[in-house]
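Here chain A shows up in two complexes: once beside chain B, once beside chain C.
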Partner chain A sequence: MRRRAGVGAIQRQKIQQDKFKEKGSEIQENQLEQMTLQMEKFREHLEDFAAKHKNEIKKNPQFRKQFQEMCASIGVDPLASGKGFWCEMLGVGDFYYELGVQVVELCVATSHRNGGVLSLDEVLLRLNHRRRPDNQISSDDIVRAVKKLRVLGSGMEVVATGSSQFIYSIPGELSMDHTALLQHAESVVHLTVASAASALGWSQERVSRALDHLLRVGVAWRDDQDRPPSFWFPAFFQQCATAAE
Partner chain B sequence: MTEFEWPWQYSFPPFFTLQVNADVRKTQLDAWCALVTSWGKQGGVTQIDVTEASDLAVFKNASIHRALPPDGIQVVLEELVRRGNLEWTDKTKRRGYLLWRSAGEWGTQIYKWAQGSSRINTVCTLYELAHGDETADQEFHNLDGDILLKALRTLEASGKAELMDFGDNQGVKFL
Partner chain C sequence: MDRWFWCDSSLSSGEAVAASAKSIRLYDGDKKTGYEDGHLTLTNQRLLWRHESQSSSLGLPLSLVVLIEDEAGGFTSSPKLVLHLASPPPGHPSGPIASSHASYVRLSFKHGGCSSFQQALQKALEARAWETLSMPQPANSVKASGSKKIHTGILGIERDIQKKQEAASQNISRAFEDLKNLMGLAKDMVSLSRSISNKIKEHSVSADDTTQFRSYLLSLGIDDPVTREKYGSATQYHHHLAREVARALEEPVQEAGGVMLLSEVYCRINRARGLQLLSPEDVVQACNLMRTLDLPLSLHTFESGVQVVQITGLDQDKVVKDTAQVLACHEGDGMSAGDLARECGVPLLLARERLLQAERCAQAVRDESSEGLRFYPNLFFSRS
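Then we have the complex of A and B:
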């Protein structure tokens, strides 16, 4: 028969456990210290890098995107505030705010014909048209700028569809159904109640309800000379997107 | 004459269906009025006959099999009247003068030309104004006689011109 553990044994065990714990946290601390050191170094390098390639970051959209991704991987958001090293160094905060304002202006200027829905391609086309060839922007820039605007409660949203993206700036939130219908519309350009119902797997009533809303806010147009009536979206109509402002 | 450049709306099928939404319809009528006036300007169309309007190229686009229905044409014409770009020839409202510039705008332009060519206090015949060599480079050259008269009447009303009748010909004195 085994001897039961005595008080001494229990105490010994406890001391052992404490020792283990101590060692464990020591190792952890060491690791953390090293990590912090590494991150610090990485940050430094990133700052050096940013300073060195300031102009390229400002001018080259591809470069800018990769730089943003690099920053995000270490939890630095150069856009987070208007102050601080990153903004002073790069002026990128201003860059995106200014871009955001331009996007809003474009939405307002074209809303009478598209009801506040703009394809990202059109935004890109129109904004780059005004910019110098060595100062072009990418769709990534526009998406970032619009996301920044959200803090202002601007009600602007970027919606991704299968093939591309569009921006909507319609007062009042779009429901899931409206968004889904718009996504579908973007890919087919025009639709009928029946065609949308079968494509989305909805009942025709559900499509009609969503369409009624889109007609009411001026995003959709109805064509009665089609049998059955079809619905069109200026925002997704090629000739409208490329027409002179 | 160069080919008329149709706006994007002309190939947008629902443009030929009057929209129910009030805001959208306003945008649509803006576009229709701009289209009809610029089309008239380009093609030198000065009058529109309501009964024949549906045959005009501007109101139908065969390539997309769309045409503005008669009641739609009526709404567009009424809107043009409201904006001063169309004036009915008489009360039956069956024909209208298409003014891609309003009579007042034409008047201002003619008066500017008169000032520029030092014709203040001299008399011109209406024929000279519309078809004379000296106005060949002016936009109002070959302007429809009735519209020219309307334009000069607006000048007369503001005391800048005086219309005169020479029996078979009419003249105007710029003041």
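Then we have the complex of A and C:
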């Protein structure tokens, strides 16, 4: 007899499924109750912790970093939502989201000059300049804030080129070639097609293509008065870091 | 170390014991000496160190102590007191060591009692009982007291700084301890939420039943791909936010020409809020909901990934036509994104998108060169 034939079989199957669902939702209910209780307990602990150490988070970059790393290791993102416990009680959110706002505004204000590429050091300098001495931020803070901004779709991300890190606010891709060229440019500040080609071991055409794109997005500037033309990268100008604006 | 001298353990008249401690080791400057595990007695005139196997003690007149510092102990070292000493006066009785180049000695408190001894020592130094007795070399005492006064003042300040640093470092270690405990609790929550999520995966559950669970996930900041895929991560909170953002930014978006970059929306809403800021994810979630909630603003994503918030029902064709018109005025040179941005007062990213959109609708053509990317009106269509 075929087990699946007949209305009876179908009905029996449905009854079984419903029973499982009930059982399943029963188990769920218990676990959900358990979770509710644990959430309450956790909330109390967090309030306690906040009362004692909220200031530490605001003032101590090392502590902040440790806090973030521990959260990441257990699979929790304290910055996921402003509505989260971490933000509401510890105020971590306000710290990093405000930092995010400042970074976005800084990028917008300077993109006409550097095409949307800023060195992390420059950002750190400028933002710390505005803050009280006991309220300074670290580069780890900035990196975390920018990581969160990625989701806004304006292409904000932190890219490591060579020894330092840069904040890009250019949507649309900078390929491996572009990044490698930028990395080389960082060490020489200005270059010609020929010098870059020999340093990187690329064909001159490959260098030209990459340079063209960087010119187009405004990250590279060309000096035509030089023979052969030389290319400069405002993002790496030392003076930018100290220019008061 | 050469200031210590052999003496009798008995107390002279007018001398009284103020404090004592056990298991003390003497250090000559930074070097350990063989004088360890001794009994240290503080009187109002001197320090006496004695090992129980000996009858005589090593004495140190308190008048020679210029400055006291304490060193906190660590895992391998015990807490210590550092006594900076003045040079011994002529006629000073001889001790175990004829001369040492260090002008300070250290007392190591193996079994604790360092801080209470330090307090007692401080008191004894302040009381200066040896000055009331007729002691030879009054000139020396005056000199010692003169310099001591200055040091006491600095000493007080240095103490304060040290105390503050100690308190701060104690606080930090407590903070890290508390942090570890907190994370332990949070870890339990994460594993509990994982098992609940697995149950949800196995048995189909309606969206309503999961609302409470999803709000817990939001509170803890746990990203659960299963619930996210099935039910989305938007909660009541995000619905509320969507309305708030639409209300707050409808006018500014209108003023900006009907379109605003999402990153600018993020900045503006947070600047307006001042406190309890929104995360970038909150803003994206909220804006995603706008269309379903029939709000005057809605989210739009360009092909390049750029996201904007625009007036619902913004006529894309109209925008393209406007762009084409602006281009037509610059037939000769064409326009770059920067030119359009300046001309129309829109952000650079937005100008770029408008030109790209016009190109897609065949209203503009591009010219890519090393001069940059420029756009021209599409004369192939209009003039052919």
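Rule of thumb we're sticking to: the second predicted complex is superposed on the first by the 189 of 245 C-alpha atoms of A that agree within 3 Å, B and C clash if a C-alpha of one lies under 4 Å from a C-alpha of the other, contacts with A are read in each partner's own complex, and residues count from 1 in each chain.
Quick note on the criterion: a residue touches a chain if its C-beta (ideal position, glycine included) is under 8 Å from a C-beta of that chain, and two chains touch if they have at least 3 such contacts.
What you are looking at is a predicted structure, and each value in this text was computed from that prediction instead of being measured.
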| item | value |
| --- | --- |
| Which of chain B and chain C A:His45 touches, first, second, both or neither | second |
| Partner chain(s) touched by A:Phe67 [first = chain B, second = chain C, both, neither] | second |
| Touched partner set for A:Ser139, first chain B, second chain C, both or neither | neither |
| Which of chain B and chain C A:Gln183 touches, first, second, both or neither | neither |
| Per-residue contact with chain A, leading partner among chain C and chain B | C |
| Which superposed partner A:Gln225 touches (first chain B, second chain C, both, neither) | first |
| First (chain B), second (chain C), both or neither touched by A:Leu215 | both |
| Touching partner for A:Ser195 - first (chain B), second (chain C), both, neither | neither |
| Doubly contacted chain A residues - partners chain C and chain B | 112, 215-216, 218, 222 |
| Residues of chain A defined as touching chain C within the complex | 20-21, 24-25, 27-28, 31-32, 34-36, 38-39, 41-42, 45-46, 49, 52-53, 56, 60, 63, 66-67, 70-71, 74-88, 93-94, 97-98, 100-101, 104-105, 108, 111-112, 148-156, 171-172, 211-212, 215-216, 218, 222 |
| Contact set on chain B toward chain A in their complex | 7-9, 11-17, 19-21, 23-24, 27, 65-67 |
| Residue ranges of chain C in contact with chain A within the complex | 171-172, 174-176, 178-183, 185-190, 192-193, 195-196, 199-200, 202-205, 209, 212-213, 216, 218-223, 237, 261-264, 266-267, 270-271, 275-284, 301, 304-307, 338, 347-349, 368-373 |
| Chain A residues within the chain B interface of the complex | 112-113, 115, 190, 215-216, 218, 221-226, 230-232, 234, 237, 239-240, 242-243 |
